[in-house]
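Once you scroll down, you'll see the structures, which are given as structure tokens.
Okay, so chain A shows up in both of these, paired with chain B first and chain C after.
Right after this comes the complex of A and B.
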């Protein structure tokens, strides 16, 4: 049994963040379905917002899991989330409108199996391991599906494997220019995996505060959304990509300035071009 | 024959670009104290050693560089799919990836230092301003060179992987090369200069990194200057050799035995390097002497 070394004091309880993150990301994922209902691509940005909601939830799950003294394991927690989530996400895209629900159920099963193996076969014996890895797999699947919906306009397999190539003004369907065929799924895998581990990895320490870390999680989410919006220009229409880009830039600017304010609030002191302060006993 | 000569030319060019990328990558991560020396920089204020070292912890080097290169390659791929000139597309991809790297660096520094408030470590705004821009400049050079290597493999040598996937694979390789080759030089030779040769880092000396320079207080630009002379080029040679030998064996020997020729040559290269490494290790031990015990005065 590993001893819990850090405690979450005050702030929002983890269960609340988990339920809010799950509900918000599923609703936002389904809002991208408005694209198919109305026959447009302008609602793709809801996929990006779904990733931000899931990232906030995910960064707090990592905090809960890593408070058991897994210091260097923080980045690997992000990798395992996406490694297990990508299987569920790709499989679920075959199920049309049910895809987000299928992805969540399947990811939960995969995550629970990985958690069971980690705890009982590898003997890690961390009490929250099975629950956390189940959450992480769901988060990984939801984030990948969010990026897929944002960059292609839909979360169905056919739109993920067909892109458009225009030759001399003619628009031809092409696997090479698609989300999966072009390898963009590798980029969003890393975008999400680094963004999910960064908030806790950057904010860990004795003076950790919850609101600062969650604000950083939202900032990482919007920053990743900016780059995803730029890459989506190759797949969705330019207008839809620009809407996503605008939403992402506004969200990023707000969360980044907020995060700097919160760091200013929490820091011991905030100085410019000053020498190292003298400490007692030196 | 002509295609082999063309392939060798591309191989040489990719190797040269990879050398530049490796050198820039290592200097970037040393200025940011990323990689394994980071643990001591993070620990120092907790042991009472407040410092003016830049502490940007964004995962380990391999995952972080996997993202920067994959992102640069992904954006370049998207612009190329929109019929934009490859050179312009790669520059734009590298510029956007560098922007992301810079934002991550500032949030990492602010987050880490704010969470050390209990020990009185201040946030130095001049450190944040001057170090972030220098790491971004090095990151741009490394991302541009590495994405160009991936594009050469894809477009000139006909590699079947799409550009972003190549970016992910070679980004992780670049981070691993810089982490394995350059970090010992920065962590052990620079941050622990005040320890006896071979003393390691005993618990009493944990966090006792070098904080004062020859004159005044040391910051991470001094560390960048120091590691750019030997640690950076060593990482560059490491990554350049990896890219060069990998492409060289594929271009020359892939036709032999339905691809098995390249695999056999790869195994032979590993064996040759194992012998060379062992020889260097024995030679260094003989010439520089055995490890010594740490002395009390060091702490």
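Right after this comes the complex of A and C.
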């Protein structure tokens, strides 16, 4: 058993992953701002990459929190992350270009208070509880903002609530055909919440290895990005949506093959089982 | 600390110092909303959100959550986690209540409560159906000798080495009550936020009330889902994952959850209100 515990604690330290995830997702979120600077929508896919970076960070945070045995199952951590994250994210979109920073600060405050409530008022007494729930709220907010930026090309409230409908060649503003008005935010809420909890839920156990779990997190992120790219066709131009889709499919294919390789590496043994063998003629 | 050494240390006791700090945070949040948004609709919305959050947190304690042991027939309850059950009951209630939103606060909240209760009733029935006819296990509680409602004895039916199994009658009733509280609380949050957004958004966006209705509905809905999930998971942390129903000794921990859910709902509700009030 000792060996396995060491293995669980090994790998890249959590602080490194946290800083890398935070910096990468913020930079990638701001890269979508190039859309407004240049006047296109082709940079929207950076929002999707920001969600992948945040998901990798998030799955490791869930691992840190859930290795203490909180008793409620791993999915609950994903749900509380997005429940507190969506509130911070929607409020922050009011602040224009400062939105990602405001979202991170506000989510940190919300997460810290919820962490205090869970740890002290509910008497959970888990050493990493406050820090983890703070991180989870930030991750939830960043992922939702990433999807918003990917599907609308911007992370500002006005572009999230107004879309365009073309009737007989006329382009009319519409509140219904938008990221929030069309309810797309509810879909990405669940896309992200499932993608963030799945990697640790699938990889936990004595044979847990860090690189395999993080690769699965990236795979889940790109898989969700494919769905988000398809949905973004309703809002951004078709060209931009196709660029996002292409990036997502390439990323998903790469991470998926890598993940299968790592699974083979970690498995005790594997048999390449065939479909039902043909017994005819014997 | 290694992963194996650490175990949830959540006792039944209430940490009075932390609870007092929590209540002070709650009062500060309510006061801050009062000073920023005034005593009008926004303040009423905050009170509604807090009441809804408390109902959700209280309701979760009734729901028989079994988790993985229940799936193996080694503990009573529904074989899944709180997050899934509460999301199911709460969202079913929310959708039910949202359809009735035009009929007024009372009708809509009761409709939402019935929606949540109905989902739990159907879930509990089919869970028991599968337990009894699919897995071949009788329903027996491990926490009490006699069912508090029917008076049926439990011990003879309980297998050795388990904490009970199946879904006893009292757990079924608890599940329905939990669904009613959860669905009603979720709907109340949605309705209070919807009323506020319907009034405030047209002015904020310079648009007609009819145009902003989709935005108001989605914003209120997604905030209600977010606040609902936060409260449900906090209540789940309070019972450390599993509970048999209202007869379980863990049920007595609910005062902690009420304080916790009030703080969390006030915090989330304040931000949700500030999006239109600031």
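Keep in mind that, in the parts below, the second predicted complex is superposed on the first by the 261 of 282 C-alpha atoms of A that agree within 3 Å, B and C clash if a C-alpha of one lies under 4 Å from a C-alpha of the other, contacts with A are read in each partner's own complex, and residues count from 1 in each chain.
One rule holds in what follows: a residue touches a chain if its C-beta (ideal position, glycine included) is under 8 Å from a C-beta of that chain, and two chains touch if they have at least 3 such contacts.
Note that the structure is predicted; figures quoted are calculated from it, not measured.
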First, second, both or neither for A:207, with chain B first and chain C second: first
Partner chain in contact with A:275 - chain B first, chain C second, else both or neither: first
First, second, both or neither for A:266, with chain B first and chain C second: first
Chain B versus chain C as contact partner of A:176, first or second or both or neither: both
More chain A residues in contact - chain B or chain C: B
Partner chain in contact with A:90 - chain B first, chain C second, else both or neither: second
Partner chain in contact with A:194 - chain B first, chain C second, else both or neither: first
First (chain B), second (chain C), both or neither touched by A:131: neither
Chain B versus chain C as contact partner of A:163, first or second or both or neither: first
Partner chain in contact with A:79 - chain B first, chain C second, else both or neither: both
Touching both chain B and chain C, residues of chain A: 75, 79, 176, 181-183, 186, 189
Complex contacts: residues of chain A adjacent to chain C: 1, 5, 8-9, 67-73, 75-77, 79-80, 82-88, 90-91, 94, 106, 110, 113-114, 116-118, 120-127, 161, 175-176, 178, 180-183, 185-186, 189
Residue ranges of chain A touching chain B (in the complex, touch as defined): 74-75, 78-79, 163, 165-166, 176-177, 181-184, 186-187, 189-191, 193-194, 197-199, 201-209, 212-213, 216, 219-220, 223, 227, 230-235, 256, 259-260, 262-264, 266-277, 279, 281-282
Complex contact set, residues of chain B against chain A: 42, 46, 48, 50-52, 57-60, 63-64, 66-67, 70-71, 73-75, 77-79, 81-83, 96-97, 100, 103-104, 107-108, 110-126, 161-168, 211, 217
Chain A contact footprint on chain C (complex, rising order): 1-4, 6-11, 13-15, 18-19, 21-22, 25, 67-68, 81-84, 87, 205, 207, 211-212, 214-215, 218-219, 221-223, 225-230, 232-234, 236-238, 240-242, 256-257, 259-260, 263-264, 267-268, 271-272, 274-275, 278
